[in-house]
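Quick heads-up: structures coming right below.
Below are two complexes that have chain A in common, paired first with chain B and then with chain C.
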Partner chain A sequence: MRRVRLYQVGVIAGLLLLLEALCLAGVIDKITMPPPHRIAVDLVKLLLAGKLYPEIGKSLANVLLAFGLAYSTGIVTGTVLHGYRTARETLDPLFATYYAIPVFAFYPLFIVIFGLGDGPQVLIGFLLGVVAVIVTMLNGLDRVPRVLRKTASICRMGPFETAVHVTLPFCAPYLLTAAKLALAYAFIGVIGSEFIMARSGMGYEIGYAYTNFDNATMYPLIVLILLLSIVMNGVLTHWEKLLLARRGQR
Partner chain B sequence: MTSAHVALKGVTKRFPASAGGQAVHALGPIDLSIRQGEFFAVVGPSGCGKSTLLELIAGLTPASEGQIEFEGRAIENEIPDGIGVVFQEDACFPWLSVRENVEFGLRKAGVAPDEKARRVRDAIAMMGLGEFAPSYPAQLSGGMRQRVCIARTLVAKPRLLLLDEPFGALDQQTRLLMGDEVLRLWREIGATVFLITHALDEAAMLADRIAVMSARPGTVIDMVETHWPRERDSRIVEQESFGATTSRLWKTLREESMKTMGRSAAAT
Partner chain C sequence: MGDRAKSLRNTIVLIAGLLVFWQLMYAVIGEVAMRSPWQTMRYTVTLVETDFFWVHLTNTLQAFAVALVLSVVLGLLIGFALGLHRLSAEAMEPMLVALYSIPKITLYPIILLAFGLGMSAKIAFGAIHGIIPVALFTLNAVRSTKPILVKTGRVLKLSPPAMVRSILFPAAVPEIFTGLRVGFSLTLIGTVLGEMFAAQHGLGYLLMNAIGLYNVDVIMSVTFLLVVFAAGVNGILLAVDRRLHFRV
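Let's turn to the complex of A and B:
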């Protein structure tokens, strides 16, 4: 395991070094992309200056709001649908084709309905994530062994206690997978929406920097989004691994 | 009917037709009377409704017709107090340690914390799992996990212990040893034991009485008394009467098993 970790770090470091060499050698010109060490320095400067903190805070708040809404709605909806076979079978075709629908295409409609504020961005982040959470939740609930439910019944537990003490703990690894998906989709939805039509936020700032050839802002912001997304996903993946290891599944 | 610890009168189970299928008459009518403190086993061909019978007694599924009584009270749409079940499948909660799994059996028992801790400790020790109390099920063998499930059932001090092929997934040596464990526990806790098994030797070794069921719809076609002393263990397999008992069971069951196989062949 330790060796694998070393290989992973080695691959990333190797790619960064290659990029650095290509930038320094002029194969990739400075206007297209500054060398990675320059991006790192610019990122530190950007963070120390604190000028973009309101933008970063706004984007992160919207990402977390979209994530929280998608996650809670998805879990509740998935749990309810699992108990109603007909409703589930009715919605199955929608779930199967949902990700073929370009949610971003509805952006103008969302602006008409919700105005130019943060609402449409959060809504897109929510819409992208919610079905992934529902489907993952249903998948987890389908796998709860019948014998565990029977054991709960023998222990004279009602439906609510069974859900809290048996069903949901069994589904914990699926809940973490759902959280990872919801978080990734929330980032894509919110930051992507800020690119298209917003007056603030990290996505807007990246787009603005791009049109003004401001690489000292654009690349550090892109790296910051990457880092935030990787760290949050990494924490969830770590919990998932711990859970699966305890269950002998990894 | 009230003198029996468990009594079944005209019990029948029919499963309604599923989409495109036919209704299934799974079981009955069955009349049974199980005595207090008795070790009672049921054997029968695959699909005869043995597990359904156990679920009916446990209150996990309602009977289509007839009446089931436990300690003189009818079992109707709820799990009666005083019943414990050990299932064939691994029923350990994988996210809980051995200690927490056993504690789970007392979640609704309304037992004081001190008493709970003592009973959990005793049940774990009784099943020889003391050093594994902080371990998780994934770290245990199949036999040990089944012992965790037995400990979780015993901690609630059931007066009727229902065992649904509890050793089905274990190898023969472990099954014999687990059989000894169950006999020892049966003597210690004084509960009535109702064992479902497909293994004739297991039934002949463990039970005071054995009901033989017909092919579906399962009914009781023979009742065999073993006349074993209460103090017994797996060494009784060496006795001549053990062979005679298993022979009698097989003689009755052979034709029923052939019927089941014929039905399977016809279905394919």
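Let's turn to the complex of A and C:
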């Protein structure tokens, strides 16, 4: 484990040093990319100045909204769908092809329908995430041992009670995986749509900084977004591993 | 009912269901922002007959083809290189997963600055979407090759290239193919996204341009074509994928 960590730190440090060297040597010119240490300084300045906090807050609020909607809808749909075999089999081809469809291509359509506000962005984040949650949910429910379901019916539990007391707790690791996916997709959806066309938000600010050659804002913001998504992903992955380890899986 | 008949029936029911849903949405939202399935298909036929559509289509397809080749070649190389070395695989897999989950669209300005406006930026953007899934699936496929196969190779004193060619690759083909399928979709998404922001040609540009002109017909038709293309190819790849997995 230690060696793996060392390796990872080494790779990241190596890449940063390489970029730094290339920037300082002028192979990558200043207009294309400022050296990494400069970006770090700019990022600190940007965060201290606090001018972009409303934008960051707005993006994150939309991400959370899209995540919440996708997660709750996905879990409910997945749980209900698991009971109806024919419906599930009919939807199977949709689930299998869903992630091949460029959901972002619907963004223009949503803008025309809902207007250029938060609605289309949240909807894109929601649409990207919801199917991943449903599929993960179905996958987890498939693994619930028959004996647990039988026990539930012996205890005369209704479908709702069975879900809350038996199946969902059993699926905890899957719920976590689903949360991870939904969060990542909500992030991609919201920031991505802001970037394509919006009036505010982090993605919008990046696009705006780009058109104004404002590298001192653009690069720190990009780094901030990358860090946010990597940290969120990392925290959930870690939690997932702990949960799996406790159950003796993996 | 056989499996094939069943899946055919499911697909038909699903498509019919989606068409009904579309028609209902149209009834609710109306002419201002949407077109009915029938209107969209009719407009699509007229659109396909125009020359300017073909200019954009070939442009997108060219960029997509090059990006796909790059994704597959680089993805396979990275996947095999890391998969063959245990420590590298363990260390790099979580990093690749993290890269996979970042909103890559925010990297687009960097790519534009590095490659300039035009074809190469689109290709690069499509490729960064596709490389990671291909690499991830390949890495995991190589890593999870049955140890007995690898040991047999060692006993036969195979050189690393021979090992890859005659043992690891054939054993990993089904998983690699799944990677290619996912890589295909993501490369297409990446290429079209690249066109939506700062491009002068391609289907993505056509979409963004149509928003500017408030041309609902074009938006509906291009979205429809993209979805049909993506879903169609994915359906074929999925069938091959299942057959490959079944064989093993």
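Everything that follows uses one rule, which is that the second predicted complex is superposed on the first by the 240 of 250 C-alpha atoms of A that agree within 3 Å, B and C clash if a C-alpha of one lies under 4 Å from a C-alpha of the other, contacts with A are read in each partner's own complex, and residues count from 1 in each chain.
Here is the rule we use: contacts are C-beta pairs under 8 Å (C-beta built on N, C-alpha and C of every residue); 3 or more make two chains touch, one makes a residue touch a chain.
Since the structure is predicted, the reported quantities are computational estimates derived from the model, not experimental observations.
More chain A residues lie in contact with C than with the other chain of the pair chain B and chain C. When the two complexes are overlaid on their common chain A, residue A:51 makes contact with neither chain B nor chain C. In the superposed model, A:147 lies in contact with chain B only, and not with chain C. Of the two partner chains placed around the shared chain by superposition, chain B is the only one that A:172 touches, whereas chain C remains out of contact.
When the two structures are aligned on the shared chain, A:111 is found in touch with chain C, with no touch to chain B. In the superposed model, A:33 lies in contact with chain C only, and not with chain B. Residue ranges on chain B touching chain A, taken from their complex, read 55, 58, 60, 79, 81, 83-85, 87, 89-91, 93-95, 104-105, 107-108, 136-139, 152, 156. Chain A contributes residues 3-4, 7-8, 11, 31-33, 89-94, 96-97, 99-102, 104-106, 108-109, 111-113, 180, 184, 187-188, 191-192, 195-197, 203, 206-207, 209-210, 218-219, 221-222, 225-226, 229-230, 233-234, 237 to its touches with chain C in the complex. Of all the residues in chain A, the ones that touch chain B in their complex are 145, 147-148, 150-151, 153-157, 161, 165-166, 169-170, 172, 243, 246-249. Per the touch definition, chain C reaches chain A in the complex via residues 6-7, 10-11, 13-14, 17-18, 29, 33-34, 87-88, 90-92, 94-95, 97-98, 101-110, 112-114, 181-182, 184-185, 188-189, 192-193, 196-197, 204, 207-208, 210-211, 214, 216, 219-220, 222-223, 226-227, 230-231, 233-235, 238.
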